[in-house]
Amino acid sequence: MRVSLFVPCFVDQLTPKVGLATAKVLKRLGHDVEFRSAQTCCGQPSFNSGQWDVAREGAIRALSVFRGADVVVGPSGSCVAMMRNFYPELLKGTPHAAEADDLAARTFEFSEFLVKKLGVTDVGAKFAKKVTYHDGCHAMRELRLKEEPRQLLRAVRGLEFIEADEGETCCGFGGLFSAKFPMISTAMAQVKGGALARTGADYVVSSDPSCLLQIGGWLSREGKPILPLHIAEVLANDA
Amino acid sequence: MDDSKAIFLKDATVNAADGDQRAFINKALGGYYTNRDLQKARYRDWERARDAASMAKWSAVNDLANVLEKFVSNFERNGGVVHWARDAEEARVIILKIAEDVKAKAIVKSKCMTTEEIHLNDALEKAGYGVVESDLGEFIQQLRGEAPYHFVFPCMHVKREAISELFTKHLGTAPTDSPEELTMIARRHLRQLYIDADIGITGANFLVAETGQISITENEGNARLTAALPRIHIALSGIEKVVNHLDDLSVLLPMLATAGAGQPMTCYNTLYSGPRKKGECDGPEEFHLVLMDNARTRILADPEQRDSLHCIRCGACLNVCPIFKNIGGLAYGTTYQGPIGSVITPHLRGLKQWNHLSAASSLCGACTDACPVRIDLHHHLLRNRRNASKESPTLFDLAFHHGFTFVIKRPWLFALGGRIFRATLPLLQKLPLPYMGAWMKTRDLPKAPAQSFRDQWKNQNV
Amino acid sequence: MSDARSDIFARIREALKVKAPKPHLKGDGAPGKTSTVAKPWLPDGGETAEDSLTILAEQLAKLKAVLIRVPDHASAAKAVAELSVSKNWKKVAYHGHDLLRPVAAALTCENWEADASFDKQRLEGCDAGITTCESIVAQLGSILVSSTSSGGRALSILPHVHVVIAETSQVVPDLGAALALVKARHGTDMPSMLSFITGPSRTGDIERILVLGAHGPKELFLILVG
């Protein structure tokens, strides 16, 4: 299958290894992977801030970027939820509505794509570490993904999986919310980060790099001995 | 900045930093989660039950004029008197007039958020009437001179030591650290008040159009007593509480209890059709029902958010909300706290002054999943943000998002900006920049990589 | 006085000119209006009468209500008399009903037919109230009392203990069945109060810790005959 990568803007600039790992896994499974360099940001920061008019401009632009792609796969539940659920809402009643629905149907979150679209759970990865998992809220509640990443992780050789308390609790990122209401966001990070740290795992894994930014940022500041890692990075590891 | 927003930011920030209080709230909710899950497991299909509950409310709300008319004609046939209030002031005037007409000396109230919404106690007290809240939580909050913390669990933030002190001060009772003994103190204190009161004031959870009955849900029995012993019963209800069929309650009553309190049913679910009937030995001589709009028709006029009128005030969305749990109920400064409060308060009191509640959310959606009547809560927060930015945009937001969009529409500029951002990140982190500075106070950022994804991809694939 | 009622109805009609979409339903079909439609997704109330009685017993136990099953009305009277002794009741009020008068007659303590000469102050001084009921909901452990079946509004809520005497034939599987029965029995002439009682009065207002007997009865006994 020809897969068009959708690399979130902050992955592009801050954690490019997540994008590379995503591509590596897809290639290992025998797929053609392309990256359309005209892509930038999905516009979610503006959408979430109520600036729907400018967010709409970003959405219309993204439609043209991914026009003609068979499937679009992104390593972020949040950014995929923007395309899947919120582009159609944003473009409802405009001439772009049909194309937004069409793109929504072709766009997948990475773990969702592997498990639900390709039917793959074992991607041939090895990772001899203790791992816990954080469900990003967008992946869990907008895309209804919960078991898919767990199925993938359980198939990883050597990996010991530990569920954390506060399993369905938000990490407190919420995009610009984390900076507009920093103390509320930090209190939420304490609840979530604390539960993750208590598992004694080596890594907290998630399909959402934005949550990992928040959780990792808090864990690092608090000096907790558990590191953030994207699920694509775990699955890319085959050594 | 508007007052309501400034106060919110201050209180929310202080409370979010209060680890002890947050732990106390979490512990208090722990039993609720366990019981809720046990009760939900008894439903053979919770999601179907949610469908039925939401449709029961949807069909009544979307046919409100007819359903309300039917309710009123049946209610009046049963001997009750209906009063109409366009707003809070009219509702207060109506209730004060009834109190004056019957020369009331003492008034007892059961828990009713709609009376909180119109600040009825203040109005009654100003007019010289003694009013006693009979729900234990509301009674404690009344003695504390504080608004309810949570619209179902009004004093869940108050520790037993503080309640003991409060009772010692106001009721002269001996100190105790037993919740049971504290409850019995209130029980003993209130019993005679029900008997002596001329007027009992309650709310209404549902108005049943088919039969003209009002349904009241409670656990303590105080609403039962309030509607049994005083000579006059006044109920205050929003117009959106109406449902079509008596049978709708076979879904709504259990779900209200399970979603809101983790119970199979609340202890007392009571239907009142009118005043004491011929042949009945007790009950009020008069039954007055005040039906109030107070901006509910404003929500009704917004088809996108009309479903927020489906709310049955169970409190489930508060119980699962990480914002509520971390900032506490009082910080909201509203009658209705938590997600539903953040959604509807801008409609009730003005978007410009109350949009900050919609902004103060990570949009995690736990509320929407918890809602037994499927209100699209967290998406309504987004819609409020959109409406607010249209109605009263801030210069900063406009500049920031237009600037951001200008950049992301130009990949070369985005790549260049990214390069500069990465190169200067160590410096940027030290500057008091908007957003960045707030982040850096409590959290680190990863070390910026030398090359972006797009650069590395180009190098790999060329 | 300007007409608030007309104004509110005008606002409603204006607001509803724009239609709202139906909620996003998850089930395989819209349940539509719920009247008389079976609801196989709610908690189970039992297929057979026997199932229902089993579920009822489980629910009542969880609610901390006491179920006493007796073979006949004479045994019911005996059971109540024993309770009154063991619990040391001094004054008992009861609903004037043919099935309850023999129960009262078997009591050794002071007793009073409350609805015959109602006096709220006197009722407040009673340890227990004895009533019949309309029906019993197995699904939820709820006992439906009314202002006609239970000696008015206060008798089942003001005394510290509530004793209900009922027959097994009054047990219905679920809340829907109980409401249907209410409509069939009373039609447009409803008792002014109908109350589903689900366990003894309770509160969790102090630190969310369960305490029984907030304002209503601390103890609830269901004496089931047959």
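Note that the chains are named A, B and C in the order they appear, and that numbering of residues resets to 1 at the start of each chain.
Throughout what follows, contacts are C-beta pairs under 8 Å (C-beta built on N, C-alpha and C of every residue); 3 or more make two chains touch, one makes a residue touch a chain.
Because the structure is a prediction, the values reported are computed rather than measured.
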{"item": "Arrangement of touching chains [line / ring / star / complete / other]", "value": "line"}
{"item": "Chain whose Cα centroid lies at the greatest distance from that of subunit A", "value": "C"}
{"item": "Closest chain to the centre of mass proxy, which here is the mean CA position", "value": "B"}
{"item": "Subunit B and subunit C: spacing of chain centres that average the CA atoms, whole Å", "value": "28"}
{"item": "Centroid spacing, where centroids are CA-atom means, of subunit A and subunit C in whole angstrom", "value": "51"}
{"item": "Mean-CA-position distance for subunit B and subunit A (Å)", "value": "32"}
{"item": "Shared-contact residues (touching 2 or more other chains) in subunit A", "value": "none"}
{"item": "Residue numbers on subunit C that touch subunit B, as the complex places them", "value": "3-5, 7-9, 11-16, 18-27, 30-36, 39-44, 59, 62-63, 114-116, 118, 120-121, 124, 139-142, 147-148, 151-154, 157-158, 174-176, 178-180, 182-183, 188, 190-211, 213-217"}
{"item": "Residues of subunit B that touch subunit C when the two form their complex", "value": "28-29, 31-32, 39, 42-52, 54-56, 58-59, 62-65, 68-69, 74, 77-78, 84-86, 90, 134-137, 140, 153-156, 158-160, 163, 179-180, 182-184, 186-187, 190-192, 195, 211, 213, 219-222, 224-225, 227-229, 239, 244-251, 253-254, 261, 263-277, 279-283, 291, 293, 297-298, 300-301, 303-304, 306-307, 310, 373-374, 376"}
{"item": "Touching residues on subunit B, where the partner in the complex is subunit A", "value": "9, 12-13, 16-17, 19, 22, 322-323, 325-327, 359-366, 368-369, 382, 384-390, 397-398, 401-402, 404-405, 407-409, 411, 414, 418, 421-422, 434-436, 438-439, 441-446, 448-449, 451-454, 456-458, 461"}
{"item": "Touching residues on subunit A, where the partner in the complex is subunit B", "value": "7, 9, 11-17, 19-20, 23, 35, 37-41, 43, 45-52, 54-55, 57-58, 61, 137, 141-142, 168-170, 172-174, 176-191, 213-214, 216-218, 220-221"}
